[in-house]
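Shared chain: chain A. Partners: chain B in the first complex, chain C in the second.
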Partner chain A sequence: MFKKGIISIFYLSFFITLTLFFIFLGYVFYKGFANFSLNIIFDEASPIRAIIGKERVFDGIFNAIVGSVLVSSLATLLALPFGFLSGVYIASFAPRRIKSLLSFSYELLASIPSIVIGLFGLSITIYLHKNFFGNLYTSLLISALSLAVLILPYIVKMSEQAISNIPNQIKNSALNLGATRYENLFLIKLPYISKDLFGGVVLAIGRAVEDTAVIMLTGAVAMAGIPNSLLSKYEAIPFFIYYISSEYQDMFELNKGYVAAMVLLFVSIALFLFAFLIQKLSLRGKFE
Partner chain B sequence: MSEIIKIKNLNLSYGKKEVLKGINLNIFKNHITAISGPSGIGKSSLLLVLNQMIREFERAKCSGEVLFNEDGEWRDILKFKEKELPALRKNIVYVSQHPDLLPFSIFENLYFGLKLQGIKKDSAKSMIKEALEKTFLYEEIKDRLHGDASMLSGGQQQRLILARALVLKPKILLLDEPTSSLNEELSSKVEDMLVKLKRETTIVMISHFKSQILKIADSVLNLA
Partner chain C sequence: MQNLFNLGLVISVLITSLLVVLISIFLLYFSAPLIFGGEFKEFFTLEWDPLNSFYGLMPMVIGTASIASLATLFAIVSSFSFAVLILMFLPKSIASFLEKFLYFLSGVPTVLYAFVALFLLIPFANDVLDGKGLSILSASFVLSFVIFPTISIFLLNSFKQVAKKSLFAAKSLGATKEDLFFNLILKSSKKGVLSAIIFGFARAVGDTMVALMIAGNSLKIPNSLLDSARTLTAHIALINANDYESTAFKALFLSGLLLFLFSFVTVAILRILTRSKSV
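After this line comes the complex of A and B, so read on.
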């Protein structure tokens, strides 16, 4: 009887969390779909002409979607090489004594609140503006650099863990046959982790897409349009949701926020499913 | 009868746990040296010391001397620099009791060591066939050489990693219970093959079977 009671608590907890999850998703998607129209995305502009850059969208969330894609792609491009190579260094070449110190440092960096990273990006920009580059202001580039700092520790940890999780028998097998550490890395370890790594990169992009605190301090603004250079201000979906829900004038404007939230959720879920699928495929490749 | 390895007062510990203490052993060229003893006493660790795969274990620490006669010159393996280890491991190959297959096809597993030595695939084919024949595997798998190695049975995997070591023609072959997954008939065939093989190479093997040791070993180290 006591055991049954305990098991019921497990079931109940699971049911409550699942229900909350579906209520949340259901509400956002219901409000989003109910208010969805091409007009909210593209305003008065023709969708095709807007996508190919022939017509400017003034009051739709298209600009925010483009801004989010640009800033998160750029941040990933900046963070990926450094993060990946650092992770490989820690897992494969770092002296044993400093390995755990390095690993801990990146864990610490990953736990820094994003608003602090945003503030850091803003402070650096002000310093550079005052002392070196008078024309430098918060912009797409500054946001991308700050977001790169935000996702860097995730990419480092992901690369490090992917290599550390390779079974010892596989890691040591090539060395036992006379491979150097470099041959072992390039011929065995990296091909083995490639799909895990790709999945991890997709998740890092997801982290960059959804962050608001960093971008609101470093260059994201309302009504900026599509940026025409790296040094331009830009719009982004999370920031759009923030300002529209804090400053809406009527229900139509607030409904735009729901559509934007649905788009953001949709992008996050799609990225997560994509990463999950890649990891499943990678497991199949390894064990079949 | 000349020595190829002289182990003098070898100690090995993993962190604070002492595994081997004061081991002395001479390993003779073209002999089969058997190592026996209860499980967990450090037999596999001793083999791993000989080609320095032990360095891949973070907490392992060795002291003493392990002298290797490398083309007439005696060198202490424990003092080999990191960059000298690949060459050492081409000469002294360890064959694990748990098949440590690479995540490739059967052929690629066998070719990997040869590729590292710069041998072209076409030249490697005959060497690979010879090694598979020696381990009585060729007839069983000749039609699926490019299939996934992990799909082989346990006994086939054990013979595959033995073939993978043989194809490299090492000076010393370290075998960790090489017949543990094989049936009686195949074990006997592999034992006979090892006896023939000692003309070309030196063998150090771990075995739990007294009958096997009596049948093929020239000398025995009993770790007790």
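After this line comes the complex of A and C, so read on.
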């Protein structure tokens, strides 16, 4: 009886939580759609001319969208080669002791609060500004570097796991036929896991897009326009949402915040579904 | 070609694994003047007031501890219900959909939760609680939604590791689903449950946006759950980066160092818990 009672409490809390989540998701989409207009995104500029860069947008969230795309893709480009190679090293070459030490360091890196990574980016900038480059300030490049630090442990872990999850018969058969470790890695293992890797990269992009704490310390500002160099300030969607929530003056600005929230949610859903589909495809390929 | 590849491997492993060391060195370098300046104890007093040179970080430490532990408490209830129901009580198709939904939720930007809560929950809470909407209670309630998917996934995975054999044995002896869960699965995954809770608590401590936007950021020591409070993360986020030399600015690095040490301890505990496998 007692156990059944607890299970029914579980059902109750399950439905309450699920309802609250649907209210949350529904609210973001409802408010976003209700206030959506091209004006909010592009202001007075014509959308096509804004996208090809012919016309400047002054008061729309288009600048923030461009800033977010730039900073997160730059971060992924920076983190990907290093993270991937480290993952390959841990999975196929590292001796046992080193492996455990390395994985501790990546776990620690993954668990550091993102605001501390932002603080790290800021302190490096201050240090370089004072000692070496007098005109270096927090900027798109610094943000991208800090975000790269943030998503690096995910990329390492994902590539390591993808390689160690390869079934033994596939891992070892080419070695038994006389292939070197490198031939085995490049001709057998990497092609086998390529789709998993791609899915993981998409998820890493998602992490970079959503993070607010890192970019608010390292160069995201409320008004910057489209950045014209790596060393200029920029706007970003998550920071814009935070900014609007604390500083909005009128309904029009708040509506921009709602639309920005919907865009952010839409992007994170789209990236998740994309990664999910890729991984599904890769599984199907393995069973055929 | 192989040498080049080897070189690339070594260089990237060195860079990526030493990042943690680099971060700790920078935090130490910037907070060293405070630690070794002879006034170290002053940073653990109860008042933060840079104008009168009080630099106590304790209000933020207390704020962090209370918000994070309350959020974990809220999240434990909902995570347990999701993990248990998905594991054995819901139809398979719904359960596997919900599992993917949890993975999706664990990636939803936290700034969205805070943003929505600010316009849905806070006006309501202000009505009910006499204008005390921006408080520890609302912040930890919202934060529990941020950490709940992570804890659920963690719990679910550790429940799933209970050996199939013993499950079948218990079933064939006539155990009901409730018996299975409480007498077998829960008892054999104690360590998994503990690490899930620690992991969730660490995520709650590390989150910035919810506490920053919902907890009200007051500098007073909170007396009740309805008081406003500031967390260490929010304190760093509210940085005023105009004066790099001031003690107030350097104290931020001390806050960062505290958070870093906290992560170090959590990761070490989680390692010890997972190394000595139960069951």
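Assume the second predicted complex is superposed on the first by the 270 of 288 C-alpha atoms of A that agree within 3 Å, B and C clash if a C-alpha of one lies under 4 Å from a C-alpha of the other, contacts with A are read in each partner's own complex, and residues count from 1 in each chain.
Simple rule for what comes next: a residue touches a chain if its C-beta (ideal position, glycine included) is under 8 Å from a C-beta of that chain, and two chains touch if they have at least 3 such contacts.
Only a predicted model underlies this, so the values are computations on that prediction, with no experimental measurement involved.
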**Message:** Between chain B and chain C, whom does A:Ala179 touch in the aligned arrangement: first, second, both, or neither?
**Reply:** first
**Message:** Which partner chains sit in contact with A:Ile170 here, chain B, chain C, both or neither? Use first/second/both/neither.
**Reply:** first
**Prompt:** So, A:Arg97: does it touch chain B (first), chain C (second), both, or neither?
**Reply:** neither
**Residue contacts on chain A - larger count, chain B or chain C** = C
**Request:** Find the residues of chain A that appear in the contact set with chain B and again in the contact set with chain C.
**Result:** none
**Fill in**
Listed in rising order, chain A residues that touch chain C in their complex are 3-4, 6-7, 9-14, 16-17, 20-21, 23-24, 27-28, 81-83, 85-86, 88-90, 93, 101-102, 104-109, 111-120, 122-124, 126-127, 130, 149, 152, 156, 182, 203, 206-207, 209-213, 216-217, 238, 241-242, 245-246, 257, 261, 264-265, 268-269, 272, 276
**Prompt:** Where on chain C does chain A make contact in their complex?
**Reply:** 2, 5, 8-10, 12-13, 15-23, 26-27, 29-30, 77-78, 80-82, 84-85, 89, 100, 103-105, 107-116, 118, 120, 145, 148, 178-179, 181-182, 202, 205-209, 212-213, 233, 236-237, 239, 241, 244, 252-253, 256, 259-260, 263-264, 266-267, 270-271
**Request:** Note which residues of chain B are touching chain A in the complex, please.
**Result:** 51, 53, 56, 58, 82-83, 85-87, 89-90, 93-94, 96, 98, 100-103, 112-113, 116-117, 148, 150, 164, 168
**Message:** Under the definition above, what is the set of chain A residues touching chain B in their complex?
**Reply:** 96, 168-181, 183, 187-188, 192, 286-288
